[in-house]
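Structures for review follow.
Two complexes follow with subunit A in common, the first pairing it with subunit B and the second with subunit C.
Right, the complex of A and B next:
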């Protein structure tokens, strides 16, 4: 596994990227709390750069004992363009749905939607919120503006032990591992940003410009 | 007048940005720590006039470090620097004794305001 950010980013670029992600996730936490009115903590992101072909093995090791995942994909378009993949262990959708409906349980029998659809919609909405907040903040900090396609579920109950990578083998994915903690519930998820070479080139320049903006 | 500050943050870039935001010719002695545990140790060693404290750090987070520092020295002037400015977070650090919170990334203006607040707090302590 390449596993290391080093080949793609110099030390200074890596440190700046880590801090930009820390700030972005911190600000995203605060804005999410306003949007969904739930105390949310997005923990210190751990960043790696992976080759697409290494992604299933990496996820398998990181998500143990879970081996089955759901993946939400959303494309973003700006100077920094690519796809965001949000990976949750299968079953997380039930915890997330509970989180959003816990104050309405007495009315749950009135909802005329089957539970599978509700769980899928929950994943999409959580994906939309988390990806939008995180990517939006990264873009804002780096003076970019991004547009989004609607999110979609790209894999449901995907068994990582026997699957093809959701990322083309030759592409690089910036992996941002974070724990999404909502109130008392911990839901661990992984956000992957898949960017093409021109976006990576732009990102490297933008990171240096970010630091220079404090001169 | 402030003579020394301690910057506690696991990110070398965050510490660099904080130093860049200090006024030119500030004349301050600057100590740095890269996690909460090291922050507490350096606080006890150097007794800085002001401590800037990040919250999300490995080894020991900023909440624990703030609480530990205030236990050792209730007069310690600690200003939290965080990107996560949720009301619950602001209330919690305020209850724990933080003088003020600045939002990350800091700016020259927000750091200057923080230094003024710390100076006033220190002068108030000296008068009391």
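Right, the complex of A and C next:
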């Protein structure tokens, strides 16, 4: 393996992928508001295919001036399978907290949960909802059904300036950069999909099939 | 046939609900632990039997599952449990209710359309119990039962952050047992241990529930006084000094006296870090030692 790396996706495939993501995110955004009263605007996603080893640098550039992030990871398994990483700048959890805790007081047991746990759980819940909505839509458009593992936090207050990539260096990550805007709050987040190598062939076929269904 | 058997015998609670929240299946595990048999709940609305589940968070998850095949996760950390059930025998003295981790997901019909959802309920009481034990071991001094240094550093950071944000007063006492080595040398290490225990008992009896007593090192203690201005902290310190020197100690019938020296410091506008405050308190303690011991010294301010 020297010289030019064979691009993972041909230009046409990348265009279809972008199109699928546009539709998926548009629908996910509408359904989140309609179904679960979470008013989130997902900006038109910007798709890039990156090597795992390039991910920290890329994130560092994109997230400036923030240099520390929290990363939520969730595995999904269908014909399309892999990991979804949701990256929020550190501190976003504080802004997200009150959007998601308004109804917690009715939790009949009077337990005191410390703020760290609450913030962590909020990140997980936001992650689960956003990842589920986005992946679910993508899968639906490509005629697939996926199941999910529970989300977990893979990195808390990770400093991007000197860290290892959350993705194995040789793996490809499909980076879907999108900004989440919750109601009035601007919380910027990035979603990365790391498709398992084995499902990339399937993904390519599904993308072609998706295009053909319109012809 | 096989799946039916597994459904009934698996060591996990499994429930299948129709879209309208009526119970379709209720496995034997659920019957066993909830005390509600399948015959008594199948066909009924889940919320009629468990009204406390009908709240925004749970409903939001149900809708997300039914609308776009999302999965819902209900962690023990946040919820403790969804279905109130007695904790399993060995944990009954620790938890009023079984600690649970629950998952929710879609059930699809043959056409692939979502027409219901499932809930799985896992008993995680054992794990939670171990977790609590680990947290305790990590925060509490084995000999005296007061907090250890690891706990202090985390707690102090939190308190300093809180004070900087809400402009409240925080004071810190550094406490050192005078000539502790002599007690060990004259009466033995068991007596030394007993002395440390007695000292922590006396100090604990003289501070508020919101304060923290920490064993900082061998015979050094630290007292974190929340919402306490400098002058008040000095008074507390003086009270603690008296609590130790006014009454003799006793070990195996031998009576002996013991004293402590204390340094008092309070969080000032210029102190941003843990080290700043610790250094101030340490300097004050050093002053107390130089003044002949059994004395309280405070920083100016």
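Here are a few things to note about the model shown:
Keep this in mind: the second predicted complex is superposed on the first by the 195 of 215 C-alpha atoms of A that agree within 3 Å, B and C clash if a C-alpha of one lies under 4 Å from a C-alpha of the other, contacts with A are read in each partner's own complex, and residues count from 1 in each chain.
In this text, a residue touches a chain if its C-beta (ideal position, glycine included) is under 8 Å from a C-beta of that chain, and two chains touch if they have at least 3 such contacts.
Everything numeric here is computed off the predicted structure, so don't read it as measured data.
Within the superposed three-chain model, A:188 lies out of touch with both subunit B and subunit C [touch as defined at top]. Of the two partner chains placed by superposition, only subunit C is touched by A:113; subunit B is not. Of the two partner chains placed around the shared chain by superposition, neither subunit B nor subunit C is touched by A:13. Of the two partner chains placed by superposition, A:95 touches none, neither subunit B nor subunit C. Among subunit B and subunit C, the chain that touches a larger number of residues in subunit A is C.
Contacts of A:33 after superposition on the shared chain: subunit B is touched, whereas subunit C is not. Once chain A of one complex is fitted onto chain A of the other, the partner contacts of A:141 are limited to subunit B, with no touch recorded for subunit C. Applying the stated contact rule after C-alpha superposition, one finds that A:214 touches subunit B and leaves subunit C untouched.
In the superposition on chain A, A:62 makes contact with neither subunit B nor subunit C. By the touch criterion stated above, A:25 is placed in contact with subunit B alone, subunit C being left untouched. Those residues of subunit B that touch subunit A in the complex are listed here as 10-14, 16-17, 20-21, 56-58, 82-89, 103-105.
Every residue of subunit A that touches subunit B in the complex is listed here, in rising order: 15-16, 18-19, 22-27, 29-30, 33, 39-41, 43-44, 141, 211, 214-215.
In the complex of the two chains, the subunit C residues touching subunit A come out as 52, 55-57, 60, 63-64, 67-73, 75, 77-80, 103, 105, 108, 112. Across the complex, subunit A meets subunit C through its residues 28, 31, 35-38, 102-104, 106-109, 111, 113, 117-118, 120-121, 124, 128-129, 132-133, 136-137, 140, 145-148, 150-151.
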